[in-house]
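Could you have a look at this structure, given as structure tokens, before my questions?
Chain nomenclature is as follows: A, B, C, D and E, assigned in order of appearance, with residue numbering initiated at 1 for each chain independently.
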Amino acid sequence: MFRHSTLRYITLALLTSLALFQAFTAAYFGLEVLTEILILAMLVVALDLVAGFGGMVSLCHGALMGVGAYAYTTVSVTLGISPLVAMAGAVALTGAAAWIIGAICSRSHGIYFIMATLAFGQMAYSWVFEAPIFGGDDGLGGIPRLDLGFLGIDLNDSRSFALFCLAALGAVYGAAVLILRSGLGRSLSGVMHNEQRMRALGLTVWRVKADVFGLSGMIAGLAGALAAQHIMYISPGLLAWTVSGEALVVVILGGLGTLVGPLVGAAAFVLLKHELSAITTYWHLVVGLVLIGVVMSRANGIFGWIEARWGARLDRRLADATRKSAPEEVLNDA
Amino acid sequence: MLETRNLDKSFGAVHVTRDVSLKLERGERRVILGPNGAGKTTLFNLLVGELTPDSGSVHLAGEDVTALPVSRRARRGLSRSYQKNTLFDGLTVEENLGLAAAVHAGHATQLWSDSLAKPEVREIVREVAEQVNLVPHIHARVSEISYGMRRQLEVGVALATRPLVLLMDEPTSGVGPEMSKGFHDLLNNLPRDLTMLIIEHDMDLAFDVADTITVLNYGEVVFDGLPEAARGSKLLKEIYLGSWEDA
Amino acid sequence: MLEVTGVASGYGETQVLHGLSLEAWAGRVLAILGRNGAGKSTTLKTIMGLLPLKSGQIMFDGKPIPARPFDVAKSGIAYVPETRDIFPSLSVRENLEITERRFGGDTPDWTLERVLDLFPRLGERMNNGGTQLSGGEQQMLAIARALLMNPRLLILDEPTEGLAPIIVKMIHDKLQELKSDGLSMIIVEQNFGFATSLADDVVVVGKGQVVWTGSAEEIKCDEHAQHTWLGV
Amino acid sequence: AATDIKVGLLLPFSGVYAALGNDIEAGFNLGLERFGDQTSAAFEVVREDTEVKPPVALGKAKKLILQDKVDVMVGIVSSGVLGAVRDMVHGAGVPLIVANAGNDEATGAACSPFITRMSFSNGQVNRPMGTWLHGQGVQKVYTLAPDYAAGRQMIDGFVQSFTAAGGEIVGQDFTPFQKTQDFGPYLAQAKASGADAVYVFYAGGEAISFVKQYDSFGLKTDLPLYGSGFLTSALYVDAEGPAAEGVVTALHYVPTIDNPANKAFAEAFTGATGRVPSEYAVHGYDAARALIEATKAGATDRASLANALRKVSFDGPRGTLSIDPATNNLVQPIYVYETVAGADGLTQTVLAELPAEKDPVNGCVMAPVSN
Amino acid sequence: MTHDLGFWTLQTLNALQLSMLLFLLSIGLTVIFGLMHFVNLAHGSLYAMGAYFGASLAAVGGYWLGFFLAPVAVAGVGVLLYSGLIKRMRRSGPMAQVLVTFGLIFALLDLTRIFWGDLALALDAPALLDGRVAFLGVEYPIYRLFVIVLGLAIFGALAFVLGRTQIGAMIRAGVDNDAMAACLGINVERLFFVVFCVGCALAGLAGVVAAPLLSVTPEMGLQILIPTLIVIVIGGLGSLKGAIAGSMIYGFVQTFGAVLAPQLASILIYALLAAVLVIKPVGLFPAKG
């Protein structure tokens, strides 16, 4: 169940200040990278919400983000409606799509759930890829950014846009925390740990799953709308399953079910990718090996590892504390 | 309060429940006895809706609930514990009880507030933890408490939904004699108007708590009556009791 | 035959056994008693190699016991866990067949036929999935499975849990039979009467240590020990 | 050196098009090496991997433009990537020499004075083939191509001129892009359609599978296979093996074009890489040549390079090349060739050289570049 | 549509051929995945390696050398993977496994690029299987018939081993509860090692068999991964019956979809997958349990 430990607060504060520092000091490319990290972070927070706290490992979150991006673009460019409305529309539409996917997939578990979500993601991908109104493989361009002129902010400036994304990420993170701490979030956690029992207690399990999946979809949709504005151009590649796969990698790399971890993961992943691809075209090899190394270390990602170390120190300090760290399960009545 | 009419259930060729009709009055405490494999747990599964009967019906508080899913029946006051622990393993005792209480209190799907922090939920958690003697372990995770304690928590979670009808599947199996006694006290402290159906192999406890006794054998009700009558029943002795001490 | 000396073990960071020592003799039955959470099952799991031995020593037939469960089983120890652990994706028949083997025990041969004679109920369920059995049937299956290994030492964790008295009686008789055939056993039990009527020796475990040792006759008379350590 | 020109090379070095990216780069380096001493300018090349992902490519383009401050960019393999960077390049006023991507819009409705294409356009390579094929007596054709923009443009280019010449299209299939393992079902359809010939566009792995499967069904004799020349590109025709023999296709470059410039190029390329040059290699080679020609004309910075590139014209391995100022697309002859067995492996026999034609303007409105 | 009978026979054979190719591929995955509960996403990469090894070996000693040795070589890669990674990952949850093998996809992809380059390789069908035969009234490529026969043969062999011998039951026991299986004297470690290697060899076999039909490129593994997963999920994990049923469904839907509803060809199979999972959330023929 979700808790904000001191360590998590410290990490959050650290990440925020680093992001702010970067936003105010970085040169052009640094801002690009920062924005990329912030948008990816939104997506992985959305994914961690369902995967880390609800056991719903989704392989369609990339596609949901794509739906958000295409919805935003279609409404703002093709229909010529104001970006603000387009953004709200994109979030709502993606949320609705995610809710439906969540409701339909709610009976599946484990790899079946993964594959069911993949199926929906791929359907969206194929559709966007082949539908002429979405520009097919060539994509759509000329996407406007939100006009915050009335606040005196010009989002076409990279720095302002990065800061805007940072604010959005903050809001998304806050929303995720609120969801997890709500009755719905608590029930979700119960469902993850023992769905049968939750049902026997009187919970309508599929509704809880669908609701959280829908909320997570809204976040993914927001990330999509921002991604479209960031790049100002979208193509079907956005919906490819590898994007979802990468998001999953980031969540695990950072620490599944920690909410803070995925933020760390997003930063680490994007930076690693950029640094490596500058050195070698075989950077996938290195990323793959790093990923294997992290998972093999048996820690729950980077942040999980930090937490375990910090937790050990805390344990020593509070020697008489009743709480013990997670024991290994052997031959339990599982 | 709880009634079944001609329940029948087969798994393939195995006829597990045969024409079972039971009627529990409000506040009645009934113990189900029967040899292993008699179909006791299956009967529970039919009652709560985890299995669908081939024929027959289940009535809760006068209403036919045969078509309702598990969760809807539970919300109408039917709660059960499992023979095999079915707990939230990664969570603490407090959270286990809290989740159950939250569903009962109607906070389980709220988006705007923390269900576990609600006073009424906390109140239930405290009470139930006391009832099942888990107060000292309230912050321990399920995986950190012994099997016996988990058995108690199993009952606790069922209790935390504040049910009208409570079904308990061998609540004391795997629990030591001391805790067994504690369980006896627990039952005595539960409200008298709570209807209970208990599967139990511990004869002392069974005869002690039961208002009425039902004996199942090969899925069939072979005895239905008062404990005194059951004690004397030759049939029961034959199919069920025996005694290794006689050996 | 099995000698446990000063064993410390536990789950991850949590230490449960603190220097526990006991001994089981060939051809005899040792009962391990104790309250819930005393560490009885943990002791058995440590013997089987399911939990790492942090310190201390376990000797089987004068040799250190192997570390991996597979090797422990091969050396002639069969184990019936409290959770039974029937394989859900195997039918009853398969559950039995895959364990039918000999690791050099000198007790009479257990065959599929003989265990089905012992538990006729299983015979009726041969093609059911392992976990479609009722709780009691699963217990029978778990014991039957262990016997098919033809072990020299049989370890049973709460064999009567959840069983109808008539079955308990039957199991009691069958175990008695095994005992007179010379099979060595270690039994963990909550059922005091059952355990003491079967066992030759008794140890009582409390908080991860042995707090009482003696014969079955002694503990039956020792009301103080019963009260203090078992809450009977 | 009098001037330093910083060049950003934007190519896929990983992902499905890595082989193409490598060939283009090899050609480009060869071009710089060969013609570099004709100009006083010195070139500094910064290479970036686009991974064939438009967002990645856009990020890299921004980096090249804003951070590395390159004077000119060269590269771009996929049309999607070109679509993604188009606005950025146009807005920043950085000249881009397109070294592969062939989408018609890039030199049509989405044209820009800063984007000069030294490769081909999808319509351009297929259009002449329609007329030619009809001239060979083929009346009824069945077409096949992957279902994505380039596939459709290639086929459309062919269909337009083929039907204009009086031919008939008896059936068309667009197969799911990069998802089709088995072309069997489509081949049976084509066979049953009563066509005289099949005209296809496939490239890369799909081309290999397609050609092999076409041959294994024994269709080549009754139902000759024609297509856009990418089908039997020198880059992977060896992987197709004997199955490719006798396939007749059309492209803007064939390694066996008989002219001195190509001989020199092919020799140099084979010397450097051990491979026969592909059309991708020649794109890179000619892009380097164009850049050098532009600097020879006195261009030194982004704006002057953009202006100079549009006026470039020279005789290269592909024959006489020039840029159409109306669209900034390359004007070049198209070669019809047959893949045949040679002394060591497969080689190409040029059947016809079809004259260079300008692409239709396609809605291109070219804004002037102010210096 | 005015197609004759021969056309439909041809398409049926095409469907069967695609099915069997997918079966060869998915059976290895389902064996590892269903029996060991190990999610090996890198299965596609092993398939690609099979094709590459096959092409390299065939260049030296002809197709049949590749055919017989490529699976062995891939099993060798399996040995390395097992001792280096998989052994230690078996007890971690499916998430960790998905991730490690996802990492492997990246790594193996680049390794194939480093060793064999980015260019496609050639592997032609052997002379023996070249050409066509008249069959059921149509001319059909012999090599495709060979794929169909090979698929059926492998199916038969595996059905025998898994269904009729105790090895199958032991493997499943180890999957359910490896600690308990070990307590019963089953050498779980060795059993899984063998299973994993056999699964890898089957992937390699699929690769070398597919190569003459398709192209040998670094991405071939990634492209086949999703169809393979769809096959085993539709069929149900861990069961032979599921793998064969899933392959057939995929093959027939894809082939006849391409003929009858070409516009929907790319969506059809996903829609089917979603529909199957809605109706039967664990696939059509899941392993017992």
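What we mean here is this: a residue touches a chain if its C-beta (ideal position, glycine included) is under 8 Å from a C-beta of that chain, and two chains touch if they have at least 3 such contacts.
In UniProt terms, the chains line up like this: A, E = Branched-chain amino acid ABC transporter permease; B, C = ABC transporter ATP-binding protein.
None of the values given here were measured: they were computed from a predicted structure.
Least step count on the touch graph, subunit B to subunit E: 2.
Taking each chain's centre as the mean of its CA atoms, B is the chain most distant from subunit E.
Subunit A and subunit E, compared by their mean Cα positions, are separated by 32 Å. Mean C-alpha position of subunit B lies 29 Å from that of subunit C.
Per-chain CA centroids place subunit B at a distance of 74 Å from subunit D.
Subunit C and subunit E have Cα centroids lying 44 Å from one another. The multi-chain contact residues of subunit C, meaning those touching 2 or more other chains, are 11, 14, 50, 81-82, 85. Counting partner chains per residue, subunit A has residues 126, 129-130, 282, 284, 324, 326-327, 330-333 touching two or more of them. With touch defined as above, residues shared between interfaces to two or more other chains in subunit E number as follows: 110, 113, 177, 179-180, 266. Across the interface of their complex, subunit D is touched by residues 3-4, 7, 10-11, 14-15, 17-18, 21, 110, 113, 117-122, 124-125, 131-132, 139, 141, 143-144, 210, 212-220, 223-224, 227, 254-256, 258-259, 262, 265-266 of subunit E. For subunit C in complex with subunit E, the touching residues are 48, 50, 68-70, 72-74, 78-79, 81, 85, 87-91, 94-95, 97-99, 101, 103, 129-131, 145-146, 149. Every residue of subunit A that touches subunit E in the complex is listed here, in rising order: 57, 104-105, 107-112, 114-116, 118-120, 122-123, 126-127, 129-130, 241, 245, 248-249, 252, 256, 282, 284-285, 287-292, 295-296, 298, 330-331. Interface of subunit D with subunit A (complex): residues 13-14, 18, 49, 51, 53-55, 58-59, 62-63, 66-67, 79-80, 83-84, 86-87, 103, 105, 147-150, 176-177.
The residues of subunit A lying in touch with subunit B in their complex are 1, 178-179, 181-184, 186-187, 189-190, 193-194, 196-205, 207-208, 211, 322-324, 326-327, 329, 332-334.
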